[in-house]
Amino acid sequence: MIDTTPSNASLRARVYWWLERPDNDAKGPRLLDIALIILIILNVTAVILETVDSLYFRWQQAFDIFEAISLTIFVIEYLARLWVAPENPHIKSRFKWATSPIAIIDLLAILPALLYLFIPIDLRILRTFRMLRLLKLTRYSPALGMLLAVFEEESGAFFAGFFILSLMLIFAASGAWLAEHEAQPDAFGSIPAAMWWAVATLTTVGYGDVTPITVAGKIFGAIITVVGIGMAALPAGIIASGLNEQIHRRRASLEREFRKALEDGEICDKEEEDIEALRKELGLSHTTAKHIREIVHSESQAKDQRCPHCGKSLIKCDDQ
Amino acid sequence: MIDTTPSNASLRARVYWWLERPDNDAKGPRLLDIALIILIILNVTAVILETVDSLYFRWQQAFDIFEAISLTIFVIEYLARLWVAPENPHIKSRFKWATSPIAIIDLLAILPALLYLFIPIDLRILRTFRMLRLLKLTRYSPALGMLLAVFEEESGAFFAGFFILSLMLIFAASGAWLAEHEAQPDAFGSIPAAMWWAVATLTTVGYGDVTPITVAGKIFGAIITVVGIGMAALPAGIIASGLNEQIHRRRASLEREFRKALEDGEICDKEEEDIEALRKELGLSHTTAKHIREIVHSESQAKDQRCPHCGKSLIKCDDQ
Amino acid sequence: MIDTTPSNASLRARVYWWLERPDNDAKGPRLLDIALIILIILNVTAVILETVDSLYFRWQQAFDIFEAISLTIFVIEYLARLWVAPENPHIKSRFKWATSPIAIIDLLAILPALLYLFIPIDLRILRTFRMLRLLKLTRYSPALGMLLAVFEEESGAFFAGFFILSLMLIFAASGAWLAEHEAQPDAFGSIPAAMWWAVATLTTVGYGDVTPITVAGKIFGAIITVVGIGMAALPAGIIASGLNEQIHRRRASLEREFRKALEDGEICDKEEEDIEALRKELGLSHTTAKHIREIVHSESQAKDQRCPHCGKSLIKCDDQ
Amino acid sequence: MIDTTPSNASLRARVYWWLERPDNDAKGPRLLDIALIILIILNVTAVILETVDSLYFRWQQAFDIFEAISLTIFVIEYLARLWVAPENPHIKSRFKWATSPIAIIDLLAILPALLYLFIPIDLRILRTFRMLRLLKLTRYSPALGMLLAVFEEESGAFFAGFFILSLMLIFAASGAWLAEHEAQPDAFGSIPAAMWWAVATLTTVGYGDVTPITVAGKIFGAIITVVGIGMAALPAGIIASGLNEQIHRRRASLEREFRKALEDGEICDKEEEDIEALRKELGLSHTTAKHIREIVHSESQAKDQRCPHCGKSLIKCDDQ
C-alpha cells in the first residue's frame, strides 16, 4: 500500500515481510497487524454475545456468517505463516515453527471450529472454545513477553509458592472438616467438600456461603486465616518481585549497550539504531531509555574529570 | 499580606506570583493555596451531604449559595491562571497551558456547573459531577506526582497486567457459564452475566451474592481462584514495584547532585540551595536527603583516606 | 539479683539502670522487662475476658483486684521513669521525656483507669480503654521500631496512597449512588450510605451485605473494582517497599561499619563490640550480620589481588 | 539398576548412596526419590478420599491395606535413614540426624499411625494426622528451602508484622464490641466474639455472616478496614520482599564464584563443576546462571579494553 515490498523478492519473501514484520516500522504490515488484532477482538466479543439468548436467536445467521469469514481468514493466516516460516532466519524449518508455542496457539484458535464442521454436536458449547483465539493477542504484546519470561525465570520459586499454598489448603480443609463435619454435614461433610471453604478463605475471596459455626471451627478458621494470608499472597509476591528483577535486568542490558556505544566518546547513528532495536526487543519504554542515557552520560563525564595519577583523561586518550 | 510582591512588576506578573508560587517559600501565595485546598474540600463535602435527603431539603438554599460562591471563585481562578500563563517560563503560550492536564482538570471542575446554569435539568444528578473538583487537589501533592510518573513509566507492564487480568476474567466467566448456566440460569445465564461473579472472585472481593453450586462449577471456581489471585494482584504489584524503582531513581538523582557538589570538598550555600530545590522537585523527604548526604560524605572521606602508596589523596590531585 | 548494679551509684542511677537497660545484656533488668511484658499481656487478656458476661459476673472481684494491683505497678513505673529521666544522656530533662511518644503511651495506659477512680461512670465501657496498655509493648520490639521508621520515612508516598484511595472511595460511592439509589434506597440512598459498599469493595473485603443489583450498577461496580484493587493495595505496597528499603539501608550502615573496621586488615575486639552494638540498634539478625561480614571479607581479599599499576597491595600499605 | 553403586563400598554406604543422593545425577536414587514422592502423594490422596463416606465404606479394606503397606515402607525408610546417618559427612551422629527438622517430620509421618496400632480409638479422626506425611515432600524441593530461609532470615520483621496485626485485631474487635454489642448481642456480645468479625475483615476475607449494622459500627468498621488492610498485608509483603532479597543474595554468591573463576581469564572444567554444584545448592535456575555468566564475562572484557594510557591490560598485570 504505502511501503513497497522489495519488488525483486520472491512471493514467499514478500508474504513473509507482510506477515512477520521483520522490518519494525513498515506501515503496511503494521496496518495488517492492527486489522488482525481487531478481528480477534471482534471474534471474542461475538463468542461472548452468542451466549446471551436474546441476541443469539435474533442474530444467529449474522453470527454464523461472521464465524465463517473469521475462520477462513485465520486458516489462511495459519497456512501462510506455515508457508513462509523458512524465510525467518531464526527458525528456517516449517516443523520448528509449527511446534513453537505461538504456532500451537494459532492452531488451537482454528482447530475446534474446523472439528465442528465435521462433527456438528452441541454447537454453542463447542463454540466457547473459539475463546482460545484471545491467546493470539500474545503475539502483539512485548510487555506480555516480559511477563512470560518472569514465569519461566521464577518457575522454581513459583512452584514452591504453589506447593506451600497446596499444603495450607489441604491442612485448612482437614482442620475445618474435623471441627465442623458434625455441625454442618452438608458443607463440611468431607475434606474435598471443606476444600471449597478453604479456597474461598485462604485466597481471601470469602463468599460467605459456607462459614464455620462451631466455636472450635471459628477459632481454627481465624488462626488459619491469619497465618494463611501471607502464604496465599506468595505467588503474587513472587511474580511482582520477579517482574521487578526482570525489568532491572533488561535495563542493565540496555545500560551495557549504552556504555559500549559511549566508549569512544560519542554515540554514532549506527549505534543509536542498535540501541533502539535492543530497546524494542527488551520491551522497555522511551522514558526508561532516556533515563539510562542520562545516567551513563553523567557517569562518563564524571570519569572524565576524576582522572587520577598522570592528570590525563581516561576516555579521550586517542588524540594524545 | 506578609510578603510583598516585587512592586515594580506588572499586575500580570504579580498575579502569577500569587497563583503559581514560583517562589516556593513565600508566605502569601502559600496561604492562598491553603485557602483554595479548603474550598475544594468543602465543595466535595457539600456534594456528598447534598445526597442526604434530610440535609438537602433543610439546607437547600445554603447549599445553593455556597455553590454560587464557589463556582464564581473557581471561574475567576481559571481565568486568572489562563491570563498569567505566559509568565511561566516553561509554558509561555496560553493555548499550551489550556491543553495541559492540570488545566483540563480545572476546566472540568467548573464546566458541568456552568452548563447547568443554561440547561437546568435534574439538578442533583448533574451536581454530582462537581465531584470532579476533587481532582484539583492533584496540583498540591508532590508525592502524587511521583505516583503519576510511575503510571506513565510502567504503562507497558501495567497494560500487560490488565491484559492478563482481562484474559483471566473472560476465561473464568466462560468456564463458570459452561458449568453453571443450567443450574443457575439467572446468575450464570450468559458470559456477560457470569462476568459479575468472575470480577468479584478474581479481585478477591467475593460478595457471595452469586456462587457456583454444582460440583463442576465449584471445582472450576476453586482452580481459577487459586491460579487467578496471582494474576489479579499483578497491577498492584507492578505499581508497588514501579514506585520502589521511581524512589530509587529519584534518590540516585539527588545523590549525583550531592556528589557533584562535594567534588570540590565542600558544599557551598549556592549548592545547598540547588540540592534543596531538587529535593522538593523530586518530592523526597528531609530524612531521605539527610541520609543520602551522610552516605556521600562517608564515601568521599573513605576515598580520601584510602589513597594508597604515594600517600597523596586521590581526589585533590590538582595541586600536584 | 544476679548482676550487681554499680554500688557506688546514686539511688536514681541504680533505678535508671534497672528500668531503662542502658547495659543491654544485664540479666536483672532483662528479667524486670520480661515481668512487665507479662503483666501487660495479662492486663489485655483481662480486658478481653471481662467483656464475656459469664466470666465477668463470676470473677468480678478477682478482675477488680488484678486491675488495682496492675494500676499501682504501672503508676509506680511511670513515676519512676519520670524520676530517672535526667540520668539518660540523650534526654536529660524530665519534660522532654514526658512529651516523648513512649512516655505519652505510658501515661495513656494509666490515665483512663485513674480518671475512673474519681468519676465512676459506666465501668465496663471505660475499662476498654485499658486496652491502650497494649501499646506499651512497642518499647520492647526493635523490629517494630523499624516499621515505625518506615511509616515516618515513607509518609509522603503513604499520604499520596491514602489520598488516591480516598479519591477512589468518593468516586466509587458517587457512581454507585447514581446507579443504585432508585433501586435500593436503603443501602444506596446517599453517598455516605454508598460509602459502606465502596469501602467493602475497594478493600476487597466484600461482605456481600450490600451489592449492586441494577445492570448499570453491576457494570460500574465491576469496572471500579478492577481499576480500584491496584489503588487500594498501594498503602500496603508502599509499606512493604519501604520496609525493603529500610532493611537495605540498615544493612548498608552495618556494611560501612565492617569496611571501616577492616581497613587496617583485621577486626579487633573493640571493633567487634561496636559492630555488635550497631547490629542490635539497627534490629538486624545475626544471620544478616554474618552474611555482610562474608561479603566485605571476600571483597577486601579481591582488592588485595587486583592491585593495579605498581604491583603493590592497596590495603596493607603500612609495612612498606 | 542403571548406575552401579561403588561395589567395594559397605552395605551402609550403599544404602546411604541410594537414600540420600549425595551424587546428584545418579539415575537409580533419583528413581527411588520419585517413587517415594508418588507414594506420599497417594497417601495424602487416600486420607482425603477416606473422609468421603460413600468411598470409605465401599473401599474400606483397600484403604486399610494401602495404609498398612505405606506405613511399612515409611517405617523402613525412617529406620534406614537413621542407620545410614553416620555416612553423611555433615551430620555423622545418629542423634544429630534424629533431632534435625527433616527427621522429626519423618517421625511425625509414621508416629500417629503406629500409635493407632496400639490404641485403636476413633479410627478416621486419628487417620487425619497421616496428613502430616505431606510435609515429607519438603525434602525434595530446593526452592522450598529458599522460602524457609526467608522465614528464618526475616523472622524479626515477620514477628513485628504479626505483632502489629494482633494489635489491630484486638483494637478492631474492641471498637466493634463497643459500637455493636447492644444492637447485635449474639455476634458482638464480647470482644472474643467480635474477634471473628475482626479477623474476617482485616484479612479482607469478608464472609459477611457478621457485619456491623449501627451507623457508629459502620463508620468504625470502614475506618479500621481502610487503615487495617495495609497492616494485614504486612506479613505477605515481608515474605515477598525477603524472598527478593534472598534471591539477590544467592545470585550475588554465584556471581562471586564466577568472578573468582574468571580471574585467571578462563573458566576451567573443575571450576564449571564447582559453579554448577553451587547453583544447585542455591536453588537457582539455569537461566539465572547463564545470565550471571554473561554479565561477568562482559564486565571482564570491558575491564580488559578500558586499560588507558600505558596501553597495558589492567588485569593481566603479572607479566610486566
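Residue numbering begins at 1 within each chain, and the chains themselves are lettered A, B, C and D in the order written.
Just so we're on the same page, contacts are C-beta pairs under 8 Å (C-beta built on N, C-alpha and C of every residue); 3 or more make two chains touch, one makes a residue touch a chain.
Small disclaimer: the values here were computed from a predicted structure and weren't measured.
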| item | value |
| --- | --- |
| Chain whose average C-alpha position is farthest from subunit A's own | C |
| Copies subunit D and subunit A - interface residue numbers shared by over half, same or different | different |
| Approximate Å spacing (C-alpha centroids) for the pair subunit A, subunit C | 39 |
| Centroid spacing, where centroids are CA-atom means, of subunit A and subunit B in whole angstrom | 28 |
| Of all residues in subunit B, the ones touching two or more other chains | 200, 204-208, 233, 236-238, 240-241, 244 |
| Residue numbers on subunit C that touch subunit A, as the complex places them | 204-208, 309 |
| Subunit A residues within the subunit D interface of the complex | 152-153, 155-157, 159-161, 163-164, 167, 170-171, 174, 177-178, 181, 189-192, 200-201, 204-208, 211, 218, 221-222, 225-226, 229-230, 233-234, 236-238, 240-241, 244-245, 249, 252, 256, 259-260, 263, 310, 312, 314, 317, 320 |
| Subunit C to subunit D touching residues, read off their complex | 44, 47-49, 51-53, 125, 128, 131, 134-135, 137, 141-144, 146-147, 162, 165, 169, 195-196, 199-200, 203-209, 232-233, 235-241, 243-244, 247, 283-285, 287-288, 291, 295, 298, 302, 305-309, 311 |
